[in-house]
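Take a look at the structures listed below.
One chain, chain A, links the two complexes that follow: it is found with chain B in the first and with chain C in the second.
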Partner chain A sequence: MKTYRFNNSQSLFTRAAKVIPCGIYGHLSPAPLVPPTAYPFYAVRAKGSRFCDVDGNEFIDYMCAYGPMIVGYNHEEVDAAAMKQYEAANCVTAPTPVMVELAEYLVDLIPIADWAFFAKNGGDVTSYALMVARAATGRKKILMVSGGYHGVAPWAQVPGHHGVMDDDYKNCIRVKWNDYAAFERAVNENPGEIAGFIATPYHHPTFADNELPAKGYWQKIEAVCRKEGIVLIVDDVRCGFRLDMRGSHEYFGFKPDLICFCKAIGNGYPISALVGTDSLKSIVSRIFYTGSYWFSAAPMAAAITTLKELKRINGPKLIRETGEKLLGGLVEIAKGYGYDLKVTGHPSMPYLRITNDESVMLHQDWCGECTKRGAYFVSHHNWFISTAHTDEDIQKTWDIADDAFKAVKNSRGV
Partner chain B sequence: MKTYRFNNSQSLFTRAAKVIPCGIYGHLSPAPLVPPTAYPFYAVRAKGSRFCDVDGNEFIDYMCAYGPMIVGYNHEEVDAAAMKQYEAANCVTAPTPVMVELAEYLVDLIPIADWAFFAKNGGDVTSYALMVARAATGRKKILMVSGGYHGVAPWAQVPGHHGVMDDDYKNCIRVKWNDYAAFERAVNENPGEIAGFIATPYHHPTFADNELPAKGYWQKIEAVCRKEGIVLIVDDVRCGFRLDMRGSHEYFGFKPDLICFCKAIGNGYPISALVGTDSLKSIVSRIFYTGSYWFSAAPMAAAITTLKELKRINGPKLIRETGEKLLGGLVEIAKGYGYDLKVTGHPSMPYLRITNDESVMLHQDWCGECTKRGAYFVSHHNWFISTAHTDEDIQKTWDIADDAFKAVKNSRGV
Partner chain C sequence: MSYQLIKANLNLYAVLKNLEDIAKYDEEIASLVKDWDVSVQFSVLNGPKAFIEFRNGVCTVGRGKYHNPSVILFFISPAHLNRMMDGKGNPIPLKGLTKLGFLKRDFIKVTEKLEYYLKPTDVLLKDEAYLALNTRLTLNTAAFAVSELGPLDPVGKLVTSNIGNGSVNLKVLPDGPGVYITFRGGYIEPGKGEADKPMAIMCMKNVKVANDFLNGRTDSFTAVASGDVMIRGQIPMLESLSLILERIPHYLS
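Entry: the complex of A and B
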């Protein structure tokens, strides 16, 4: 099987590094890609489940822009809705009626939601959820999960990182995921001081196996939150609309007070949302929270169309089944080469790791070999499955994976 | 002159209030509009300098989406560039070449800029600037101006507001605008502890007259920052590209280390930027800061086209002249009715206040009467002039202003 070259990506990156810190920063940075020479750095076209890079290579994309893409790149109906709204009015001095329609749609769709609030970044609404929890309870402290990701605001950063002060996270108490005893202990050690608990529906850290909630974990957490008046916040930025159209809490059977959405909600058009229960509506009304582009109408039109399309085709069921089929095949192919490909997390957002090598260098090699052959995924982050991934994509990915395992085996001899 | 009615706006707002906290929140909230019945709440179309509301009324818009609009709503070239990029690739797993082009363009355009970093909200980059200043200096404290607006992150909020803790702003020291002695005192009282000073190029608070920098103010500030190793941060989110294409600091003759841009940079397409000097590039590279939509290509394509168009037509000169002509006329018309219309700030972003009435109720009435006649502006916030405002718009605004003064005079008898 032919492998791709990335000459144009690399020379463009050299140009970029002169005028952009890191060349490419943040979650798209090539830094964790091993080896970086196995990956394209710049896209020029995207359609359905695939994108093309600046070297003319085509990839089946299992990162889906790290989550925003869910019904396929350049989805006709979603784009048509957005373009129609752009042509009429987008970012204007007043909002447009589509803002009301989207809020009504979310309140209808999500059982716990009595209201919706819109922003741009996922981090806008996770940070806002903390402010709401603090304002509602008059308490300062926030419980959160060690290694959980809630954006890049200083409170959400890894303590000790550059630019982050102790004061930024001194009111954030981190407990281990799935460790109900640790959660209970933290609550007992801070009586009447915990404003909120924020966590993703299941634990999907980078560079580590993902973990679904233990049986009863969320239900016990919910019971304590109710008893202690702690605002229960789900960060559904990554999972939202991939596990369950009604919010991922429905999938795991519990009820939060606030849910943060972003990514898949608008299929890449920039919008995030905080939804919540009636009891928090008036306190939300009293916090001044806004942004220059938050009332823009085109992303709202895109979100309505994305959500309706996902509902129409039962998107969460579809991508779960696609994920299960794809992953089942990959695990079998790996076995044929003597490799144990471990899949964790939900099949629609799987985290993969070849366990034969504790250092993950083997797994990194395999990911790079797959990407060089046209199936793009990274070694350190969960994948995203979309409704645009086809049986043809799966078959081609299996072929690529097979050839990549063979290449890894040949080069390592193990 | 006929006055508008807003029945559809009001009934849509009633619907909105059921599913959205405040119905409309943030800077677009009708709460500070007096009386709210004089204002439209929902737009359906926008083109050039004007927008139409849900009741079929048309307005000459002097708020310009509170700043993002600068070359006119639905500007043909800007939209074409954005749409072309949407059709190719927007929010994908890798950035696109346009990210490099925009960074190169900004580095060329802005003398102090050696690099550029892109995000979504203005607040993304003001908050980031603080992290960069802290990481670069190893210090915690930030100097800022009382009443200055830098977004809605807790550190930037008014102390004591709902959801904001003492801990959020305990490292932020507020000094009065244009009070160099206060600035110097704060520096001396916190020796070796000030990481950065953040301020807008001139002081443009809401609900108060705006203030240009006193002669020598910025130059003295700059000298102290250099001497003390304080990172000098300009929040050019509101003024950027309205005063000077090279950054508003050039207009006032000083050199910052970091500049925050947003709003006008993309004519409403969602993008913000932090630019800075070479000495800060490596520390920026070490801070993890990112967002789901920050690499989206269409807003970057829109930004390049907006900036090139502004440069081509000398946008800052054009809107300054438009502002001067418009405001000169309005002041004269006011005089004819015995009203003193005070204009503060820069002519391209004027703040207006009728001084005859200290309570500003008279001014509020006049703003409402103008809006009801088709010239939209609010009483508590600076206006924005765009390059799309025409002589015809100015003449019509003068006619509206005249009729509105007459109506105010008649109803009040003063």
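Entry: the complex of A and C
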């Protein structure tokens, strides 16, 4: 099978590094792509489940822009709704009616939601959720899960990292995921001081197997939060609308007070949302929190169309089934080469790891070889499945995976 | 743990350790020490202890007490040792007064060479041999500093507590030098060469790239993305290691 080259990506990166800090920063940085020479750095166009890079290579994309893409790149209806709104009014002195329509739609869609607040990025609303919890309780401490990702605000960053001061996270207490005893202990050790508990619906850290909630975990957490007056915040930025249209808490059977959405809500149009219960609505109204583009109407129009389309086609069911089919095949192909391909997390956003080598170098080699053949796989992060991934994509992905396993086996000899 | 104590540990266990490679790779020093049979004990009140042994042309720097050393150099505090290492103070010889001539005449040549190699200038770095040895010593200092900063420095402690078990290899291509750092159950063991079955590897394309990278003259993300620095395996271990390494200039300028 032909393998790709990335000369134009490398050249552009060299130019970029002169004028942009580290060339490409943040979660799109090539640094965790191992080896970076096996990956495209720049895309020029995208459609459906695929994108093309600056070297003319086409990829079946299993990262979906790290989550925002869910119904396919350049989705005609979503883009048409956004364009129509752009033509009418986007960023204007006053908000547009579409903002009300989207809020009403979310309140109807999500059982616990009595109101909706819009921003741009997931981190906007996770930080806001903490402010709401603190304002509602008059308490300062936040419980969160070690290794959980809630954006890049200083409180959400890993202690010890650059630009993060001790004071930034001194009121954040981290407990292990699925460790209810640790959660309960932290609550008991800080009586009347915990404002909120923020966590993703299930644990999806980078560079590690993902973990679904243990049976009864969320229900026990919810019970303690109710008893102690702790605001229960679900960071549904990554999972939202991928597991359940009503919010991932419905999938796992519990009721939070606040839910943070982003990524899939607008299929790539920049918008995030915080939704919550009626009891917190007046508190939210008192906290001044805004941004220059938070009232942009086109992303709101895109979000309404995306959500309606997902509901129409039962998107969560579709991508779960697509994921299950894809993953089942990959696991079998791996077996044929003597490799144990472990899948964790939810099938619609799985984390994969070849367990034969705990250093993950083998897995990195395989992901790199797949990407060089046109299936964009990363080794450090969960993947994303979209409703645009087709049976044809899956078959081609299996063929690529097979050839990549062969290449890895040949080069490593094991 | 005080700043001075951490700095003293770094000086004795990471910086002084480089005498081993200076005696091995610097021709002038190798020739000078080839017939030495002497041991020097460094003893810091309420601080670290280390020894330097020269025997059969080999220099060995170790932790703790040396049995019956030729010379004992005493320091009344970690700050006293650090002043001496910064060239602003003198030790108190407790044993080996007859060796004072050796210390002032011969041993000082070795320590001056240490300073020479660890304080590079742009001009010196243009010399290939100097660049190679400076890079080797910088790599060694990094590895051995991690084992001190991991358990002692506030950021080091924070980072080390989550780093996981296994070895990290740092290597300059094509032929070295290389060092490894093994993390296991909270303990950190550095060494020269390569560990078997590392959990993570960082390879620097050549000596020049390594020197720039290790001395913070290149952006690490750009270096990795461009392929000048190649990383594999458990990347979070390398990220954590990098955070610890960045604490070195806080103590050793």
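Everything that follows uses one rule, which is that the second predicted complex is superposed on the first by the 414 of 414 C-alpha atoms of A that agree within 3 Å, B and C clash if a C-alpha of one lies under 4 Å from a C-alpha of the other, contacts with A are read in each partner's own complex, and residues count from 1 in each chain.
The rule we apply is simple: a contact is a pair of C-beta atoms (placed from the backbone, for glycine too) under 8 Å apart; a residue touches a chain by one contact, two chains touch by 3 or more.
These numbers come from a predicted model, not from an experiment.
A.B. asks: Given the alignment on chain A, is it a clash or a fit between chain B and chain C?
C.D. replies: Aligned on chain A, chain B and chain C fit with no clash.
A.B. asks: Is A:Q10 in contact with chain B, with chain C, with both, or with neither (first, second, both, neither)?
C.D. replies: A:Q10 contacts chain C only, not chain B.
A.B. asks: Once the structures are superposed on A, label A:R50 by its partner contacts, choosing first (chain B), second (chain C), both or neither.
C.D. replies: It touches nothing on chain B or chain C.
A.B. asks: Pick one for A:R320: touches chain B only (first), chain C only (second), both, or neither.
C.D. replies: Neither partner.
A.B. asks: Figure out whether A:F207 sits in contact with chain B (first) or chain C (second), or with both, or with neither.
C.D. replies: After superposing on A, A:F207 lies in contact with chain C but is clear of chain B.
A.B. asks: On the chain A superposition, what angle, as a multiple of 10 degrees, is formed at chain A by the C-alpha centres of chain B and chain C?
C.D. replies: That angle rounds to 90 degrees.
A.B. asks: Between chain B (first) and chain C (second), which, if any, makes contact with A:H249: first, second, both or neither?
C.D. replies: Neither chain B nor chain C is touched by A:H249.
A.B. asks: Regarding the shared-chain residue A:R286, is it in contact with chain B (first), chain C (second), both, or neither?
C.D. replies: Only chain B; A:R286 stays clear of chain C.
A.B. asks: Scan A:A135 for contacts with chain B and chain C and give back first, second, both or neither.
C.D. replies: The first partner, chain B, only.
A.B. asks: On the superposed three-chain arrangement, identify whether chain B or chain C touches more chain A residues.
C.D. replies: Here the partner covering more residues of chain A is B.
A.B. asks: Could you say whether A:E358 touches chain B, chain C, both of them, or neither, answering first, second, both or neither?
C.D. replies: second
A.B. asks: Which holds for A:K372: it touches chain B only (first), chain C only (second), both, or neither?
C.D. replies: In the superposition, A:K372 contacts neither chain B nor chain C.
A.B. asks: In whole Å, what is the nearest CA distance you get between chain B and chain C after the fit?
C.D. replies: Scanning every C-alpha pair, the shortest chain B to chain C distance is 5 Å.
A.B. asks: What part of chain A is shared between its chain B contacts and its chain C contacts?
C.D. replies: 21-22, 24-25, 41, 161
A.B. asks: Which residues of chain A touch chain C in the complex?
C.D. replies: 10, 13-14, 17, 21-25, 29-32, 34-37, 41, 146, 159-161, 206-207, 358-361, 364, 380
A.B. asks: Touching residues of chain C toward chain A in the complex: what are they?
C.D. replies: Touch residues, chain C against chain A: 155, 158-159, 162, 166, 197-201, 219-222, 224-227, 230-236, 243.
A.B. asks: Would you tell me which residues of chain B are touching chain A in their complex?
C.D. replies: 12, 15-16, 19-22, 24-28, 40-46, 51, 53-54, 59, 61, 63-69, 73-74, 79, 82-83, 86-97, 99-100, 103-104, 106-107, 114-117, 120-124, 127, 130-132, 134-135, 140, 151-154, 157-158, 161-165, 167, 170-171, 237, 262-263, 268-270, 281-296, 376
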